[in-house]
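Listed next: structures, encoded as structure tokens.
Next, two complexes with chain A in common: one pairs it with chain B, the other with chain C.
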Partner chain A sequence: MVQALQLASLALALAATAFVLVLVLRRVMLSREERERQAVEERLRDDALALVDGDDVALPELHRHEAAIFARMLARYSRQLSGEPRENIARYFESGGHIDHQIGLLGSRRLWKRAAAAATLGDMASPAAVPALLDALDDPARDVRAAATRSLALLGAAVAVEPIVEALAARRVQRAVGGWALMQIGAPALTRLRGLLRHDDSAVRATAAELIGLVGEASDSAELIGLLRDPSAEVRAKSAHALGRLGAGQAAAMLRGALGDRIFFVRAAAARALGQLADRPSIPALVHQAQTDRFEAAQAAARALAELSPAGLSTMAALPTGNVHLREAAGRAEIL
Partner chain B sequence: MSSTEGDRPVVLVADDDDDIRDLVAFRLDRAGYEVLRAGDGQQALDLAKEHVPDLAVLDVMMPKLTGYDVTRELRADAATSRIPVILLTARVQEADVARGFEAGADDYVKKPFSPQELKARVQAVLGRR
Partner chain C sequence: MDAVRTAFDVFGIAAVAYFAALNLTYIAFTGLAWRSLMAHLRARRFSGVNEALASPLTPPVSMLLPACNEEACIVEAVHSLLALRYPEHEVVVVNDGSTDGTVARLTEAFDLVPVDKALRDSVDTRAVRGAYVSRREPQLWLIDKENGGKSDALNAGLSAARYPYVCAVDADAILEEDALLRVAKPIIDDPDLVVAAGGIVRIANGCIVDRGQVLDVRLPKSRLATFQVIEYFRAFLVGRVGWSRLKSLLIISGAFGLFRRDAVEAVGGWRTDTVGEDAELVVRMHRHMRERDEEYRIEFVPDPVCWTEAPESMRVLSRQRRRWQRGLAETLWKHRTMFGRPRYGTLGMVALPYFVLFELIGPVIQLASFFVLPVAFVFGMLDVAILVAFAIVAVLLGVLLSVAALALEEFSFRRHLHRVDVVRMLIYAVVENFGFKQLVDFWRLQGLVDVVRRRKGWGDMKRRGFAALTPVETIRLDSGPPPSESVPVVSASESVPVASASGSGRDRAVDEPVQRPSEFLRR
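Here is the complex of A and B:
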């Protein structure tokens, strides 16, 4: 028994030593790689900057790994730039076959290669990558889809708006990633989002409504108001939410009507929006909702009252009829 | 200490991102400006007080002092109060822009940026002075 234990501890000690050696070796290798990278960048920086600035640069002959370092440096620069410099960078990558190489990697069996390629194509700034990146939105791996979404945004690909919204609606892309991408695409995204408000799929309509709340304009209110009567509760709720974000005062009457929606989260979204719109005529209805509705809708109504009439809310909360939602909202209003 | 060194106007470029500093400095150097570089807000302020540049291009989000802080400090000192400031920033919500102008900035350029546009803004701001 003792011998067995001694053998086991010796084996553990050897394994630990081997592990530490591997870590040290790896650290040494990484440091050397980093020093090499810095040296290559130092040597090629002026060429990279000149290329970005539009010069016809005659690069020295580069080994494969030096060419890779140069490409990564240009890709880093492209993230910071807009306009003609990005076109200059794209031309370099197109002429060197880099784009085709990365597109080829999108078909790799290894997930990390596909994801890395999808991300790199955005940095390479070439519109030639857009079709392949659109296909990558259907990749089985979430990381690849997220990287493709990001890259399509960096390329300003308006044609990607509908696929990104559909991916968001189907939860194939994270909300933060898709939302950021559409904001990056900017005004062209808005035009296409408006078209998606009439999509057959209610999840797409709801996602489009939500995104219009983020990037839209006051003129989008009319269509969103119409969606307060959509057959889908999700669409009605997201439209109410968007109207609040857009500050659409003309939606107040319809939103007051939505306080009577049969679905609680629509009532909650309408209450929040009315608070954002500072709609004082909705106070009596909000008080009623805060006192009688189920949890989420009542809480939303109480918090809206805190925005509309903090003093009035404090008074109501102190009354015997003041319930937990009114008291909580009054407490939050005092703290904030 | 005087700002213009030789015949070239002096521009201070401050950003904690090495790549952005390189890109901006390269473009401005080509455009005929003498460029001073700073990697954080405190260094930017120190260089500005020492050299009194003709213009400062400041990133907003920097370590030690933000671009807003540096701008305010420059405006508060009689020796540096007249240095024009262009803010280079990814933060272009209305409130952020207003905050920049309230701090005393003369212009702002949004990131990601076009070096040509930045050069044009530099020329425009210097032309106004």
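Here is the complex of A and C:
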């Protein structure tokens, strides 16, 4: 028994010592690697910047790890650039076979390698990667799909709009990342988003309506107004919200009608939109909603009234019929 | 005599079995945490935190800050919350009947003025005396209410919250500027599934803090606080990461936790009759979801995001540990019907039994051996050689597990950059086995006694405030920004005109300001 415990002690002591040694070695190694990286970056920075400027650069012979540091440096630069300098960087990566290498890595069995490749392709700025990145939107791993979405946005790939919206609607890409990506793609995304307002899937229609509210124009309001009668409450609410953001004055009458929707969050969205549109004819309906509706819808109506008529709101809030939602909105309006 | 020997033998076998089971669990958890952390670190590169920051689709969050006699740190805490990098958030401070200058300090610092505020009636709270909004920071609210405890204050914040997610934060917590983004990441990823997420809490004593930000991570000067640094590594990097991996996370620290508002309302908010309200809420949410067969997740984010002040005196630390143990006991007792029930999955079958066996009654078994062994020695029933060998194994295992937790930190977040701190931590990882751990077990045992004696209340925890903890004049302002892994991203709108408007820059006249892309990058 004692012998067994002694052996266990020895093993544990050795393991603990090994851990400590590994920690010390790792610290030393990381410090050395960092120093090396800084030295290589310092040495190659002028070449990298000349390449970004489009100058003819005769790069020195680089060892493998130096080439990797150089590539990382250019990828970092590309995130901060657009236009011709970014194209210069893309040309470097294309001519060096880096793009093909990364596309090959998208087929790796290891998730993190696929995700790293998908992210790196965006930084390498080459449009040649777009088809492979579109395929990566169907990757089983969410991290890979997110990285591919981000890269497609950085590449400004309008062709990716539909797959990204579908992925967003199906929750295969995070809302934050997908929304950011479509805003990055910008105007080219708009045409395709408009088409998606008639999609069979209500989740796709809702997502498209929401995004048009963010990147669209007032001329998009006609289709959105039609969606205020959509069978899906989510679509109706997103459309109302988008119409408010776009400042679509011609939607006011329909939005006033939406204040009577049977779903509370549609009523709340309609109230917010009417406030944004400064639609004074809706004041009586908004007062009624603020006084009688459930919490979220009443709050939205009171806040809308604060935008429409701060002075009128103060008067109404002071009346015996003025409830706490009206008083809160009036108080805030006075202070802010 | 035979009966005593038999009792001793039984105790010996039980103690060895207990020791083996406990340490095997710790070793398994260390392995589990290792895998989990490495996967998390790889994913962090593609986590899309910057994209989430720039995205209008990131869900807005109401930060809830309960405050009772927090005049020493409340203004700094609010500054820290307002400065968080997040697309849209409001801060709701709930003054829980403070008798010091908490409200006065807030009013002065943020120009608060009284307003009417509509409150939801989904959760009952003590009477709200008034609400205030800041003229300077329109997203800052103060709810002033009668004293009812932290849970009651959180419930009042829940009633006042405007957004669909609420984040409970302690007044003495310092959050990293992207803390909210990081802890919201699981919710951003899976808004339909994730109902709560918690972040790691670290000890700020000794760190250099300025304007609500940790600028330089250092070990505390206090020995007691340094022991707690090692403890926190084990608890968060090993324990919580492991439990989260098993989908059985039982505790989201009260210092920093993010919840879906409707999920908290559905279970009735924070309970006011326990001192372990953070763990109790999480267990209740698990229970609620599982009893309804709803798919859900409660996630732990291991990024170091929240820093807090650790007790530096024995008196305060003992009170804290006794309170934690009481809270654990109360939570486990309230939810005792979940034990061993397959309906509750790994939570009922593994996590709760573990917490009862090793966390709740662990101190009893561990400290009992200190009484049993001398008795056995007196009666000549003890083989001293075996005892000594066993003690050495126990200490070495303790050291190994602590060093493994340190290794996890070194291989993952590596926030302690000063070599001398790493050496000190290694020394403390050894020394804590000779007294500190036993002391903590003793306090936990006292906590159990408090439960039996039905003792209530929180005890006091005097805050020194971070300005007092870290002399601001020692901040090296020339040392540049704190180390960050993220590359600063210049938005397209900033970069396009500067970098591409000039093209290659070769066609420009000599006297024009040169705007080659490389110059932009050099800047």
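By our rule, the second predicted complex is superposed on the first by the 287 of 336 C-alpha atoms of A that agree within 3 Å, B and C clash if a C-alpha of one lies under 4 Å from a C-alpha of the other, contacts with A are read in each partner's own complex, and residues count from 1 in each chain.
The rule is short, and it goes like this: a residue touches a chain if its C-beta (ideal position, glycine included) is under 8 Å from a C-beta of that chain, and two chains touch if they have at least 3 such contacts.
Because the structure is a prediction, the values reported are computed rather than measured.
In the superposed pair of complexes, A:A118 makes contact with chain C only, with no contact to chain B. Touch criterion not met for A:A158: it reaches neither chain B nor chain C. Of the two partner chains placed around the shared chain by superposition, neither chain B nor chain C is touched by A:A233. In the superposed pair of complexes, A:A67 makes contact with neither chain B nor chain C. By the touch criterion defined above, A:R171 lies against chain C but remains apart from chain B after alignment on the C-alpha atoms of chain A. Ranked by how many residues of chain A each touches, chain B and chain C are led by C. Using the contact criterion defined above for the overlaid structures, shared-chain residue A:L59 touches neither chain B nor chain C, since it reaches no partner. In the superposition on chain A, contact is made by A:L81 with both chain B and chain C. In the superposition on the C-alpha atoms of chain A, the part of chain A touched by chain B in one complex and by chain C in the other spans residues 49-50, 52-53, 76-77, 79-85. Listed in rising order, the residues of chain B touching chain A in the complex are 17, 19-20, 22-23, 26-27, 30, 111-117.
Across the complex, chain A meets chain C through its residues 1-2, 5-6, 8-9, 12-13, 15-16, 19-20, 22-23, 26-27, 49-50, 52-55, 76-77, 79-86, 112, 115-116, 118-119, 142-144, 146-147, 150, 171, 174-181, 183-184, 210, 214, 295, 298-299, 317, 324-325, 327-328, 330-332, 335-336.
The residues of chain A lying in touch with chain B in their complex are 45-46, 49-50, 52-53, 76-77, 79-85. Those residues of chain C whose C-beta lies close enough to touch chain A in the complex are 39, 42-43, 45-48, 51-52, 54-58, 113, 115-120, 133, 135, 138, 162, 188-192, 383, 385-386, 389-390, 392-393, 396-397, 399-400, 403-404, 406-407, 410-411, 419, 422, 426, 487, 489-490, 492, 495-496, 499-501, 503-506, 516-518, 520-522.
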